Amino acid sequence: MKLIIAYVQPERLNAVKQALYEREIYKLSVTNALGCGQQKGYHETYRGADIEVNLLKKVRIEIAVNDSFVEPTIEGIIAGAKTGNIGDGKIFIHSLDECIRIRTGEKGNEAIG
Amino acid sequence: MRKGKISALILLLLGLSVGFAFAQETEGVDIGSKIEDLQNNLNIVWTAVAAFLVFFMQAGFAMVESGFTRAKNTVNIMMKNLMDFSIGTVVFFLIGFGLMFGATNGFFGTTHFVLAGTNVAGKDWNWTFLIFQTVFAGTSATIVSGAMAERTKFSGYLVYSLFICALIYPVFGSWAWGSLLDGAGWLENIGFTDFAGSTVVHSIGGWLALAGAIVLGPRIGKYTPDGKARAIPGHNIALAALGVFILWFGWFGFNPGSTTVGDGDIGRIAVTTNLAAAAGAIASMFTSWIMSKKPDGSMALNGALAGLVAITAGCANVSPLGSLAIGFLAGILVVFSVYFFDRTLKVDDPVGAVSVHGVCGAFGTLAVGLFATEGGLFYGGGFKLFGIQAVGVLSAFVWAFGLGLTLFFVIKKTIGLRVSAEEELRGLDIGEHGMEAYSGFQIFTTQ
Amino acid sequence: MRKGKISALILLLLGLSVGFAFAQETEGVDIGSKIEDLQNNLNIVWTAVAAFLVFFMQAGFAMVESGFTRAKNTVNIMMKNLMDFSIGTVVFFLIGFGLMFGATNGFFGTTHFVLAGTNVAGKDWNWTFLIFQTVFAGTSATIVSGAMAERTKFSGYLVYSLFICALIYPVFGSWAWGSLLDGAGWLENIGFTDFAGSTVVHSIGGWLALAGAIVLGPRIGKYTPDGKARAIPGHNIALAALGVFILWFGWFGFNPGSTTVGDGDIGRIAVTTNLAAAAGAIASMFTSWIMSKKPDGSMALNGALAGLVAITAGCANVSPLGSLAIGFLAGILVVFSVYFFDRTLKVDDPVGAVSVHGVCGAFGTLAVGLFATEGGLFYGGGFKLFGIQAVGVLSAFVWAFGLGLTLFFVIKKTIGLRVSAEEELRGLDIGEHGMEAYSGFQIFTTQ
Amino acid sequence: MRKGKISALILLLLGLSVGFAFAQETEGVDIGSKIEDLQNNLNIVWTAVAAFLVFFMQAGFAMVESGFTRAKNTVNIMMKNLMDFSIGTVVFFLIGFGLMFGATNGFFGTTHFVLAGTNVAGKDWNWTFLIFQTVFAGTSATIVSGAMAERTKFSGYLVYSLFICALIYPVFGSWAWGSLLDGAGWLENIGFTDFAGSTVVHSIGGWLALAGAIVLGPRIGKYTPDGKARAIPGHNIALAALGVFILWFGWFGFNPGSTTVGDGDIGRIAVTTNLAAAAGAIASMFTSWIMSKKPDGSMALNGALAGLVAITAGCANVSPLGSLAIGFLAGILVVFSVYFFDRTLKVDDPVGAVSVHGVCGAFGTLAVGLFATEGGLFYGGGFKLFGIQAVGVLSAFVWAFGLGLTLFFVIKKTIGLRVSAEEELRGLDIGEHGMEAYSGFQIFTTQ
Amino acid sequence: MKLIIAYVQPERLNAVKQALYEREIYKLSVTNALGCGQQKGYHETYRGADIEVNLLKKVRIEIAVNDSFVEPTIEGIIAGAKTGNIGDGKIFIHSLDECIRIRTGEKGNEAIG
Amino acid sequence: MKLIIAYVQPERLNAVKQALYEREIYKLSVTNALGCGQQKGYHETYRGADIEVNLLKKVRIEIAVNDSFVEPTIEGIIAGAKTGNIGDGKIFIHSLDECIRIRTGEKGNEAIG
């Protein structure tokens, strides 16, 4: 089992969800995040004082999947999030030791989907 | 001597009497004119207070419009509301007031620009009348910003707001209301009745809003690729509700204030206004309850406004039961109108300005032809008044929608009317004004 | 000839004189009635403006109530405030006004329904009086929604709001205020003094709120299993503060407006009203500072309202120092009352409506018996007035609380009064109205 | 007999005539005084309504100040606004009013404390005048809270607000406005013209705000170690915009209300007031657009207020074009003033209170010397009036800034003026009041 | 050392905290999240237009524990969060390489509690 | 590759970012969090009722780095966040299997920076 974390542009979230659905990945969790990457942020002035915004609004997606689903998940995220512009985001993957469904107590591969 | 004495006495008496007669007369005249002055002063106080209430509607519009749109465009909406009133104030003073209420050339007024001819340090009625009319013009102007919200270029909007208060609103206004001061208009001459401006103010604003929304096109994401309307929920229903309460409050200046006379008509018009608003809210709530299973808060709020807009034309001419009927019908109408523009015509009007002000304004004006206790169809007045009202409604549509399309098209082709897609996605607050409305708050901007 | 001439002259003079006398007389009458008309017009303008200010209190209530509750129930609270006023407006026009101010059968009024008998196109005082009384009825109605917030079924609330404005409020009102128009009531007959409605409006609303909160039961999570009260903080203190400022503003219509006469009493009553509000805020702040180590913002806000509610009965009858005392005591009282209902009686009243309107309304009414410069105990008037006031306060409690319990119980057993636990947890906005108030905002709904 | 007859007749006539003369006279007097009473009543209604509008500005200030600061200090700002008005109301009634409008000892008034001498149940003008003046004092007091926002100890602020309304404001006020009742002041005696209080109310508040901000020092994080100003964006521009609309609305009570007479001047002053506000907003917007590439929303809002503050002194004395000019210049001035205090002087004034009220108040007062149609430099009046105005402006600065520095320094050394750094970081809402303004909302408090 | 991530219904957070306290697990971190799982979300209409809400409000809990605390933590989460209804949530577990207390610089097992 | 998670006091975020910049770590993601640790929270009363706030505002920083950057990252976080007071926060580290840049499809060490 793997845990896949992706940071994408907020407005791509729906497209990512769509792309994952098409690949039969229905479960995911989302949090609101701010990101600092190659996209440099922007300078503004507020009441004449400089304000440097270098934490840009991002969305953090977390998906736990069985190993066989890792590839489709990555594909799906890229399909939904990629525009070719700086700021498109990143995907991080690490392994998961265990997964438990609270409602039933099921564990492992059965619990994940 | 006797004779003389008597004569003298008589003359004295005569003199006294005549003196009294004179005193009496001048005193009488004096008192009469003092009483007139007093009533005049009362009218001024009333009209001024009413004007201030109508001014406050600017806050109501700003709150409703921002509440019904997304957080990322809030600064922009506030700025648009602030600036359309500010620019409107200045150009209406310079140009609009004269076009609307100056001595007319048959088509528009030609005097009174910059209030010329009015004593610059005096107490003339013109001053009070100007402030009252300025806030009306500002109301008409600000209606448009809601329908064009979340995608309009700020500079383009500024140009629009200059034209509505300098030209579009006052010229139409002169047709219907010019004689309130020194003008005269063909619409009022044929008997067109729009007491406080369902058509003159609200429909004009509403049809311009329609033109603007059409020329702009819908917001990104409003329609699915196959043309289904998607909901883009407003970010702050508390603000929107506050805005509606403020507007309702202000409307007590708008409608009863349009008497510009401090007398018992105020109470009567306040009653019809209030009943229509209440009936509109109730009707919209139940209509949305039936149509979509739950009482939609945003629709009930729109319904109150629909009732208010609709009663504006006839508030002084219909009975309380008539006003209940007008409000109730407007409340139903506005729901279907929103559906119609949103789903059938696919005109993206985030706050329902076209339906509330354009459609319900037209409806309310026509309803005078039905419900006016004098001359209305339902009160045995036949179709005459109704026909006249229809002429007014139609001419407002042609004038405002036609000029609106032209104006927005020209703006589009010159300085540009719409922001870039990227800016629209990130929000106009950052793109146009370099700031966020809710700094520090965690807000999902996935939509 | 001479004689004739003189006689003629004399007759002429006589004639002139008599003529003058006549002219004088009619002119005198004329001017007198014109002056009366003018004062009448001034009264109308003043009363209308006051009515509009009182209407605006609806916005204040909506803001206070939503500010002091959770974000997930904001749409619902706005809808309740909008609809109770809307429904109240309609039924008060149809039924309530007649019950309250019509010619009485000893128990309630029986004429003036639908304002029957009033010229439908005229300038009659009745119109202004109706709008003024409508907004008062609406105030009483809307008090209840705060105490019942965050758990009441929307349809059940609509039914309640119909009954208060059609029946509960107007009948009690006829007892105390019927003679303001064509009615008469036993309470006013025995000398009950409630100038602007501490009891008639606020306590009636407050005791109904108490009945509602009791029948409903507390919100999920308000009390620990072992009965300890838990804090459920409001979601938007900025809105709540705005609401209090709006209410304070509106109260300048409520109290001074209750003269319905444009004269110097307005200023005096505005002063007592303002002093009491200020003293209430100060007293509550310091009381909460002493009781819980820090000056509680929500308590100071409640304190201003407590002062306002308490001075409402006596605003025209007490001295400025008296009003300071009344406000100050109400400000202390409201803190302990909130503690008492919350912790001892375990009645869950999210916004403190019972304490502010019920308890402080009763206190303020009784305080007239103490502080009235004419007849008050502290001014040598003995216990008589105080006793009468107590009768009024008690009868209000019996009437409103008794009918309230019955009404809410019947609603509970028929259409239902409370939403499901699941809906309550997720929020009434989604459950009852299918929408969120703050779309896009990240909000913790762990409570 | 004949003679007797004639004489009798004549006497009769004489008697009649004299009788008439008497009747005429008393009737005349009677009617004259009734008409005067009526105008007086109208003045009362108008002044009272204006006072209520000015009261409502408290809400406006609270919204602007909280909107322009961070979410974590919102409860504190609301409390400060609520309490400075409440405390101000009480001490102005007890002390301030007498100091300002009582019979003067040359330096301040010495009668009228607690409105002594005024019939406690009567309709005296004093009542209305007191409420009107109370809300003015409250305006001056509340200006300061914005400049001292986000770091001031609550108890220290309470002490300050006691002194401004009991002492600082009323004494200066007696110099310029004492003769409005029974006082007299050296400034008005030399011809100082400040119709509605650009200096008396706004500059006094503004210079006190400056003193407070200096004694406090800047907020943590406002300046980088090397002294560069950093932006600390406000948390709720929607509230701030609402506040500005409310203030603009209230200003229609502030300026036209300062006539305290219900006549045509109201309309004229409303026009100049409105034009200046509009011009101010436009000018600030374009200035910020030029200076920082984008039209800054917060600056446009400040600009409207700058125009309003600046026109306050001369609203009754300048022409509409003059008011446009004054508003426009104030709108430009406020932007540079904000920059100057923020970046050059490094005085941290979160909402721009010093620039808006202090600087633009002074500017507006001087502008009377330039633009007054009677006596103004540009209207051929020479430098005399300008010189007088400068004396007034300067004396206000010396008085308010001097006393302010002293007062705040004493508070600092005794009960303390600033919260701990830890409390400031976490927010004053939790530190001072034990609650959050936006419970449940996810808010980044990294700043 | 393990890092335990749990998504639970927001209104169960207090119960979960309570249950963990009873098991002497005092440290945890919480973020606001939206989740998409078996719980299908709901359909609403806003102004007549369809709105499909399939990201439901969840709370994300993150707990770093020593290995011996893994079982009690899981038990505690389940005890607090389980209602038996769809949407109760999931628990994910993966191993942690290191843990550092910023204040003291302590590392590993000592830093975690 | 490692994924470093740090919980720090919100007002230290800027200092942490600064310290990381100095160490040439430019990329990071931030989420808003609530934390429960040794810092006990506080008691308040609201309208007379007790309210125990034991979830304090924290900021969660997530940084994916190549192994050679682990030490500087930890150092940077500590440099920026440490005040010596309770509540300063924690750092958690675990290994990352993969990292993908959505825009280019780059993987592994190349994608991370």
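Note that the chains take the letters A, B, C, D, E and F in the order they are written out, and that residue 1 is the start of every chain.
In this text, a contact is a pair of C-beta atoms (placed from the backbone, for glycine too) under 8 Å apart; a residue touches a chain by one contact, two chains touch by 3 or more.
Predicted, not measured: the structure shown is a model, and the values here were computed from it.
For chain A and chain D, which third chains touch each of them?
B, F
Going only between touching chains, how few steps reach chain F from chain E?
Graph distance in the chain contact network comes out at 1.
Have a look at C-E, B-E or A-B and name the one that copies the A-D interface, over half of its contact pairs being the same.
When the residue numbers line up for over half the pairs, the pair is B-E.
Do chain A and chain F, two copies of one chain sequence, contact each other through the same residue numbers, with over half in common, or through different ones?
different
So using the touch definition from the top, which pair is joined by more C-beta contacts, B-E or A-B?
Contact tally favours B-E.
Go ahead and note the Å separation of the Cα centroids belonging to chain C and chain F.
53
So how far apart, in whole Å, are chain B and chain D when each is placed at the average of its C-alpha atoms?
Distance between chain centres: 30 Å.
Per the centroid of Cα atoms for each chain, what is the distance between chain D and chain F, given in Å?
Result: the chain centres lie 48 Å from each other.
Any chance you could list the residues of chain E touching two or more other chains?
Residues 31-32, 34, 44-46, 94-95 of chain E each touch two or more of the other chains.
Please list all residues of chain B that touch 2 or more other chains.
Answer for chain B, listing residues that touch two or more other chains: 6, 10, 13, 17, 20, 24, 31, 35, 38, 42, 45, 49, 233, 236, 242, 292-294, 296, 298, 434-435, 438, 441-445, 447.
All pairs of touching chains, please: list them by chain label.
A-B, A-D, A-E, A-F, B-C, B-D, B-E, C-D, C-E, C-F, D-F, E-F
Quick check on the complex: what are the chain B residues that touch chain A?
The contact residues of chain B facing chain A are 425, 430, 434-435, 442-447.
If we count contacts the way the header does, which residues on chain E are in touch with chain F in the complex?
3, 17, 26-32, 62, 64, 94-103, 105, 111-112
Can you name the residues of chain A that touch chain D in the complex?
Residues of chain A touching chain D: 32, 34, 44-51.
Mind pulling up the chain D residues that touch chain B in the complex?
3, 6, 10, 13-14, 17, 20-21, 24, 28, 31-32, 35, 38-39, 42, 45-46, 49, 53, 70-71, 233-238, 241-242, 244-246, 248-249, 252-253, 256, 262-268, 270-271, 274-275, 277-279, 281-282, 285, 292-298, 300-301, 304, 319-321, 324, 373-374, 438, 441-445, 447
Per the contact definition, I'd like the list of chain B residues that touch chain E in the complex.
The touching residues are 228-231, 233, 288, 291-294, 296, 298-299, 335, 338-339, 342-343, 352, 442, 444.
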